[in-house]
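Let me begin by handing over the structure; questions about it come next.
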Amino acid sequence: MSTTSAKEFTETELIVCAAAKMLARSRTVFAGVGLPTLAVDLAHRTVNPDIQLIYESGVAGAHPESMAEGIADSVVVSGAEAVVNMHALFGYVLQGGNVDVGFLGAAQVDRYGSLNTTVIGDWDSPKVRLPGSGGAADIMANAGEVFVILRRHDPAALPAELDFTTSASPVRAAEHPDFIQPPGFGVSTVITPLGILRRRERLGELELTEVHPGVTVEQVQEATGWDLAVAEDVQQTQAPTAEAVRLLRDEIDTVRLYLR
Amino acid sequence: MSTTSAKEFTETELIVCAAAKMLARSRTVFAGVGLPTLAVDLAHRTVNPDIQLIYESGVAGAHPESMAEGIADSVVVSGAEAVVNMHALFGYVLQGGNVDVGFLGAAQVDRYGSLNTTVIGDWDSPKVRLPGSGGAADIMANAGEVFVILRRHDPAALPAELDFTTSASPVRAAEHPDFIQPPGFGVSTVITPLGILRRRERLGELELTEVHPGVTVEQVQEATGWDLAVAEDVQQTQAPTAEAVRLLRDEIDTVRLYLR
Amino acid sequence: MDSDTVVSLPEAIERYVEDGATVALEGFSHLIPFAAGHEIIRQGISGLTFCRLTPDLLSDMMIAADCVDRLVCSFFASGSAGSLYEVRRRIESADPRPLEVEEYSHHAMTLRYHAGAARLPFAPIGSFVGSDIPGINPDIRSVVDPYSGKKTYVVPPLNPDVTIIHAQRADRHGNVQIWGITGTQQEAAYAAKHVIVTVEEIVDEEIVRSDPNRTLIPAHAVDAVCEVPTGAHPSYVQGSYDRDNAFYREWTPISKDPARLQEWLDTHIRGTRDHAEYLQTIGADRLLSLRVDPRPSGTVDYGRRASLNEGTVK
Amino acid sequence: MDSDTVVSLPEAIERYVEDGATVALEGFSHLIPFAAGHEIIRQGISGLTFCRLTPDLLSDMMIAADCVDRLVCSFFASGSAGSLYEVRRRIESADPRPLEVEEYSHHAMTLRYHAGAARLPFAPIGSFVGSDIPGINPDIRSVVDPYSGKKTYVVPPLNPDVTIIHAQRADRHGNVQIWGITGTQQEAAYAAKHVIVTVEEIVDEEIVRSDPNRTLIPAHAVDAVCEVPTGAHPSYVQGSYDRDNAFYREWTPISKDPARLQEWLDTHIRGTRDHAEYLQTIGADRLLSLRVDPRPSGTVDYGRRASLNEGTVK
């Protein structure tokens, strides 16, 4: 694998490559289609040949012959290692503790990594009705850790207060000490178009650890709805290698379904 | 089907034929091997072509090519209509309310149809350790009604007080009104070598409704450990038809596995 | 069960789906019972409580046709088509009428069917601690775990009046076989008072009985089996036809425009007599393009008692 | 998982089964992991808490070999062989030593594995109201249903240190396929910290992947796969060999006589190096008589995206 950086790469490629690198030691990943799938596929071909992708549709160990257009596409079933029903998938595989990393998207992320995918405005009289939890609240509680990929980074997407907490961080769960606490770490990593935010402690808050090439720490702080903590040793996000970009374009997403 | 009675029949044949007749309107029967299976098979061939046998091993709609030696014999699986796992079998099929009749055996039956299959003596220092519940406690709570076939009829097998209540009648369950009550009717019918006992009300007690040929009501009362109620219109158990006996001997249990 | 289990889809819907009923139509992307939903629209059934993890295009259609008063679900979007605009109009601006919504997570919906199927009073779930979802759904409650002394959330059983699913095949008794993604169909079926199954094909019982582990829903749980080929279009049937992805994409502009949406319903659903006519409006060429090439499973051996062995049984 | 998943049975037992561990060996009449139980005897492992719905001959053997201090189960007999005399001696007269017993019903045991697999604090169950079983098992507790205000019994999760099962086949990654009676194997496996699977045959992954719905336990839940042909004898493997009914009947007089039982263990287990040698003591003729004739399942089609269609994905 070439280690020279690619001269040209898109923001999407940068994000996918950054996510793939973080999957070097994960055994099982619960992901939706789109960028997370690309990241897992890239990790599989580069840093982690044993990584296994699990879809909430019940498929484990998919070997699709063509690019999947959805987590329940027929091509992720044909030739897969296993298909289990959703009761087993959510009960035994996910809640049972067999998922190391869950990927989630979100309309809003707060400083502790709680996520809103339900509504902008009030739930009772919404401005925008969003898709809701799906499996997100379940993944947040039970995956070893959660990666979030955001398509935008501004104070609306990273607000001081969520309009609605769909998937609660352990910090928010801890406000209910009379409940059995969820076993998951919650969000460990948020990858945005500006940089990478991480939480290092289960009850800690997100801090900026990497800024993308050409982005300043101040820009990221301004684009964030709370007073964003900054790591002592903020790095510049590593540019994708030429080989990684080649794999993404020529082997993984040849039809440019997600690489936009 | 011939309606002339058989001139000669064994006690076992009498019992099996009596049980088969009572299955005329049952849709699904949960049974172990042995006499219950013979009764279901006979009912299927005579009074109830649509009856379906369900085994606790997870098999529904078995079509064995040879006589099954156990509820999990390979011959009940090959050619069956369905095999489900035990979680679905006990959860959805049984507890979910899809079993009309459950057949149970017992070491002891009390006047309300509670059953002991756990221990003779104290549980802590048993005289005889019996097999325990298996699925019996689950079947009693959830089957529409329960048939019991006893191989002996004496005050030890039908005592005033059980040594241990493995599977509780609704009467005993009702002593715990703070609990959600089990949906099943409990034991509706006990078939013994002397006669047939029935419960007509969910919270009622067993009463003698039929005596086998040559048996008197008094004999049955003496052989019972409590003051056995007797129906106003006690009948003599109908003798098996010649055709039923022929089916049992020549088609159903040709190797005399259970017809002893 | 049995003799009268095999009926036409219109008859099954007429027999079991009443105005105001609670109806589950399940199938997770795979095997969505579109033909049955369309027949509900044709029969003008209204006031339904519609249960489905991922309401999807099917709910957009059924809600636009005014069949549905209430949604019980966990995800309000279509993976490929994005927003469901009829659903959004109803929820965001009560246009043309409000829509009640009872919402869960996928696991919670699965557990509601599970509890319903197993006649349990409730099912515990590890999700929701700290989430706002229990705050907007009073049916998500909590109990104290008697082992740890801490609380856990629980969800109540969901027992639809009717559950409708689509499957690859069934025999005439109602033994239903499914392969590929099996979703929550088994739980949703066992949870219901009545179960309608549309199938690509009613097959000889010998075919079903050659592979009993493939039976997801045994006959004792099924009331009606209806043979409805291509009954999952525009969703897909593993091994038979692929998802009509173009249809999903075309839905977005239709769904955005209430007039176009009603026109679509008139042309394709209300203006057709049955699913066969619906398929004609879609067009043979388009359906043909969804065909998949074969990729057969292997066979496994269930065995048969050897004659040699039979004599030694006793 | 992966590279080192395939190991010998002795190595798997050595690696994962420690003295004093809680061990589940499951398989409901079908696929009982006798070979693995025998290897536990050979290695002289002791102090086990032995979990199994139906302890059966396997527990009689393991208890007689002094591997087990405690039984967690729901049925103390063998369907065909009747009483388990070693178990009865232990329980009825503490001969030669007491045996702790924690007892449930079949559904309760299944739910304990289910709760363990799903990391639930407890599982509700409709059984036991009025039964004496909760009175002799303090781990069966009750909670108040927040919907009806009435109580229901609950059982706690069961999380074995190791679950051991036998299967028809697996691939080298540990994707396990089972047909015929599947019992509680999936739950028992997911509930355990470690999972050992003995199989009749390790097959090419293409065979497994030709039928993904047949995979009962995916590789991510499996630690060790051991190829042990005829590893379920004297129980059976659907499609491969039948139950050795004569063996079960012969067990009764052996089990009744402690000296004969120890002698049997010496000859067949402790005096053999591995399962292959055990099978030699049983004899090829006898094993041959258990063979079954073929009765193949049909195939189903999983389909493959048509080349025609592929170009139209975007």
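Worth pointing out:
Letters A, B, C and D name the chains as they come in the text, with residue numbers starting at 1 for each one.
Basically, contacts are C-beta pairs under 8 Å (C-beta built on N, C-alpha and C of every residue); 3 or more make two chains touch, one makes a residue touch a chain.
Everything numeric in this text was worked out from a predicted model, so none of it was measured.
Counted as hops between touching chains, the shortest connection from chain C to chain D is 1. Chain centres here are C-alpha means, and the one lying farthest from chain B is A. Distance between chain A and chain B, defined via averaged C-alpha coordinates, is recorded as 57 Å.
Centroids of chain B and chain D (each the mean of its C-alpha atoms) stand 29 Å apart.
Centre to centre, using the average C-alpha position, chain A and chain D are separated by 38 Å.
Across the assembly, chain C contributes 114, 118-121, 126, 142, 145, 148, 150, 152, 179-180, 182, 186-187, 210, 213, 238, 242, 245, 292, 295, 302-305, 313 as residues in contact with two or more other chains. In chain A, the residues that reach two or more other chains under the touch definition are 59, 69, 74, 77-79, 83, 91, 95, 142, 180, 183.
Pairs of chains in mutual contact: A-C, A-D, B-C, B-D, C-D. By the touch criterion stated above, chain D contacts chain B in their complex at residues 28-30, 53-54, 73-77, 79-80, 87-88, 91-92, 103-108, 110-111, 114, 125-133, 136, 142, 145, 148, 150-153, 179-187, 236, 238, 242-243, 245, 292, 295. Partner chain C is touched in their complex by these residues of chain A: 33, 56-59, 69-74, 77-79, 83, 85-87, 90-91, 94-95, 114, 118, 123-124, 126-138, 140-142, 164-176, 178-183. Within the complex formed with chain B, the residues of chain C that make contact are 1-3, 114, 117-121, 171, 173, 175, 186-187, 190-191, 205, 208-210, 212-213, 215, 217-221, 302-305, 310, 313-314. Interface residues of chain C, counted against chain D in their complex, comprise 118-124, 126, 141-148, 150, 152, 154, 156, 168, 177, 179-180, 182, 207, 210-211, 213-214, 238-240, 242, 245-246, 289-309, 312-313. Of all the residues in chain A, the ones that touch chain D in their complex are 27-28, 50, 52, 54, 59-61, 63, 65-67, 69, 74-75, 77-84, 88, 91-93, 95-98, 142, 180, 183, 255-257.
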